[in-house]
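Dropping the structures in below, format is structure tokens.
After this come two complexes, each holding chain A, first together with chain B and then together with chain C.
Take a look at the complex of A and B:
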């Protein structure tokens, strides 16, 4: 067939129409670059799956009208953290003083971001997978998809956590199962009114609820509950390396879908979505957190790496943050690319500005600051003993038949039951905290 | 060879949910897709073009949302697309739809170049009538073969269509212009290609014709041109599930348990006994 006037070269090719790719594409198209986004899903957002909460301030720097225009479901006004242990549940409930994060479906949000990029002049080609980032003499010159090649002055790799292209390019190592987690999620059709009544929310108010304890059956990770407009997202995040070990050794009783099923029918939580149908379920890989997933370099001659592909995800157990980091890295990449072109082109030297800017930004600082917490959350002393001890102590305090123990007695007793000495616990905590 | 291939933009019926209270389908928010049974037709059209030259034109009578589906077909390698869209076409049964499609094909013949072949899918997933190919052929007065698995040109202006029935493979030599309808899953469709999809996005080779362009009598299109009356729809009653979970010790135990459940179920047992032992 005739391929008459179709260009074989763009200024910028962005791989992946996720939050990272679309924010970079939007800013670059706005600055006058000819931008092509290539996305393998049918439309932007269709391959996305995440938990449910996005931090707004970094996004507002890219789209100042975010609050008015984006498909925001609810502003998070309540944060909850629950320790779940053998039918006992201890919950911390925090009412926020201001709006910093909102809930939404990432499918909707990613589509909105991609639409913004297209409005600004970027071309989005969906249903096409990029198979390879092509180089010539150590310089990235474009992409290949099936038999087709397309050239670009610079390629923005925004392919997400499963960075097959970067692996082929030799910029990232093969995935180590200890650095990634499996997320599974169900969307439950609870209905707007029921959500608000059952979780004590008013219109537009939302809840982010993280769960720790035996729901993950000894595997580092946790659960989440997010309120959307009329549905609830319920899910689990599990350390893949540890889950694999546990399954191989026979320590793991249930399959992952069964674990999620058990959480859904948990007597304490299930009342929230009683009588409601599961609308959909899905799974997605994510990064365990910290800096271990970051490639050694985030740029090379003709290439920058943004978002999850760059390892920019914070997973502390009580919060999981990737979308705003992805967007912000896309913004920094766009700024660095614009600067690079002003200074003669996207050479390795000029693009090093991107990594420099990223390392100065809140994104990298957050990752460094919390890297200790991430390690701590993988330590069984914390993710299993903590929920056990907290609930043990609460049980002793409130389930006494006649004589109530003092708080200290209850605490010591529950430590003893978990075969843990308070001093050892504190020492361990101190050693981790001092490394934070 | 100029080949027209028919596309229907249908709600993904797998995602359509049923509201047991009102007895209606919940279509809101259900994404639309290219009718899956159209893909063998698209693939056949593209293969014939690749072998003999010419062009493939995808045609659809649909609301403007179908452009997304047409872009998919262009991404596979179709050369052009024609969207027949007008409020006057809405609510059409197969008669009114095939009429508009046939008139669209005639207009393509007049204005773009003579159409040699029109190919349709077996049926659509949202209505399962399998009427369209036959009806378009009737309107055009062209020969028609359906259940086609493959086709090739033999001699001057003659196409040989392979048709597989339960017991035999039949070959029909028919004179062009003609209409074919493919069998379900007859051919594996090719994937979308970057260069083709890019061309679809940049050049937008989609011609949009409303009824102002076609000039059809509005009494023959859409709801007005549709003699079909859906008198009543009876939904299959929703069977209340018992949701029993039984953890068998071994396969033998599982088999026993299932049999016990079936033979002690008032609603099932009589049928089972009758089927197995002819007992009344």
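Take a look at the complex of A and C:
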């Protein structure tokens, strides 16, 4: 921050040029605020990793020209959900009636969002790691990076899932391993033509494909496959608390990267990318249950918290929403900050509007509404038994040599094989869901 | 569903990490301070296999770190010094 072109006092300092930070910075700069975005990476996007799919409608509220201008790879026209168990695969394949989500690299998308903020007048300083949010008399007054200090009327904390700054500030507690998941991802260079031929897509059409079953070796979580323009993103998401228990008890056979590699060479799935190279490998932490990860308060005198740092991510097992929630929280933060300045400044009382707006928004309501299924996805009964039972039943129906069972017989028999009764399974599901 | 696709074998983590671009800092951004506060399970769980057991000792090498934060979550605060790399160093994601 010794760059002499950068003034030492800003209205707003945004920590992190991710989707949440850049959307807040963009809207605030557009409203005439002097905004500085501080990013630890070399340019915006270089530290970003996610699954592969973004829901467009919340983003269009910030960037109305999103569809024309953003680096969209493919619009998702097919959603698949597969249950994988002992070499058997049962897949639900849904062709969407309209376009709501697209695939892209978040590295690219985050750069686009940051560029938009800079176009609107924000200043982006990269390669600067923020070490501390500075306070004075209970009020946030700026940030520190190494020996350098920078002051602002308000700091927007968009530091991401590893909320080191919030922990130092005392606004968030040490992360509970049961509230986070580890995502690992490979980008495979399949090529545009092969992607479209092998997955029955036309140009610009994309697929989002979630996998559930023994690919995670008993750890709650799942796999994902997203089609980009020329590449395929393949990954695993693993519940960290449960992964740790599995490793500790010796139940976990492979290392995490080997688990992903075994999915890549899986006899069925691998035929999609059979002849393609792995271009890149990466990992990132994600949030397992948003509400449990959320800090007690999302604001204080001179500070608001947005995006992953605020716990705004929903993982139901069949949909994962993080980027659109992050962008929307950035938008609400910007609106609350603008209001706060109209009402005399970013005081604690004025900024409480942000949390209020967030709790009224679809983001928070979605997190509340789906917290039952988030819990259910962590329950081993549900998580490991469902793929086993589904594939067991399909096997009985379609792998019969002479006499086929009825559907009910096949269902009951596969429950019996998994030492589960249908009633107990339904009761269990009901009890998990009705807890909320 | 028998038989693998011909020629497809799991890639070892050392080779997998070759696909990813890094600008490695001269100084480590993460260090084990007290092994007793860092779980050995990280040998299996760390996505870049930065942790390894040499005899009875748990060792960490920062060069392949993907900056995910898993070891910070699973360790005691006094077990690790955990920071992000400075000056834009570390992993440089391109297509993720």
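What we mean here is this: the second predicted complex is superposed on the first by the 427 of 436 C-alpha atoms of A that agree within 3 Å, B and C clash if a C-alpha of one lies under 4 Å from a C-alpha of the other, contacts with A are read in each partner's own complex, and residues count from 1 in each chain.
The rule we apply is simple: contacts are C-beta pairs under 8 Å (C-beta built on N, C-alpha and C of every residue); 3 or more make two chains touch, one makes a residue touch a chain.
What you see is a predicted model, and the numbers here were worked out from it, not measured in a lab.
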Once the structures are superposed on A, label A:255 by its partner contacts, choosing first (chain B), second (chain C), both or neither. second
Examine A:127 and indicate which partner it touches, taking first as chain B and second as chain C; both and neither are also allowed. both
Counting residues of chain A touched by each of chain B and chain C, the higher count belongs to C
Based on the superposed arrangement, let me know which partner A:180 touches: chain B (first), chain C (second), both, or neither? second
Have a look at where A:150 lands relative to chain B and chain C in the superposition and call it first, second, both or neither. first
Report for A:36: first if it touches chain B alone, second if chain C alone, otherwise both or neither. first
Name the residues of chain A shared by its contacts with chain B and its contacts with chain C. 42, 126-127, 146
Can you name the residues of chain A that touch chain B in the complex? 1-7, 36, 38, 42-43, 123-128, 145-148, 150
Contact residues on chain B for chain A in the complex? 55, 68, 72, 75, 77, 79, 191-199, 201-203
Chain C partner, complex, touching residues on chain A are 40-42, 45-50, 87-89, 105-107, 126-127, 129, 146, 161-162, 164, 174-175, 177, 180, 182, 184-187, 228, 231, 233, 240, 243-244, 247-248, 252, 254-258, 261-262, 264-265, 267-268, 270-271, 274, 277-285
Please name which positions on chain C make contact with chain A in the complex. 1-5, 8-11, 13, 16-17, 19-21, 23, 39, 41, 43-49, 66-70, 72-74, 77, 82-88, 90-96
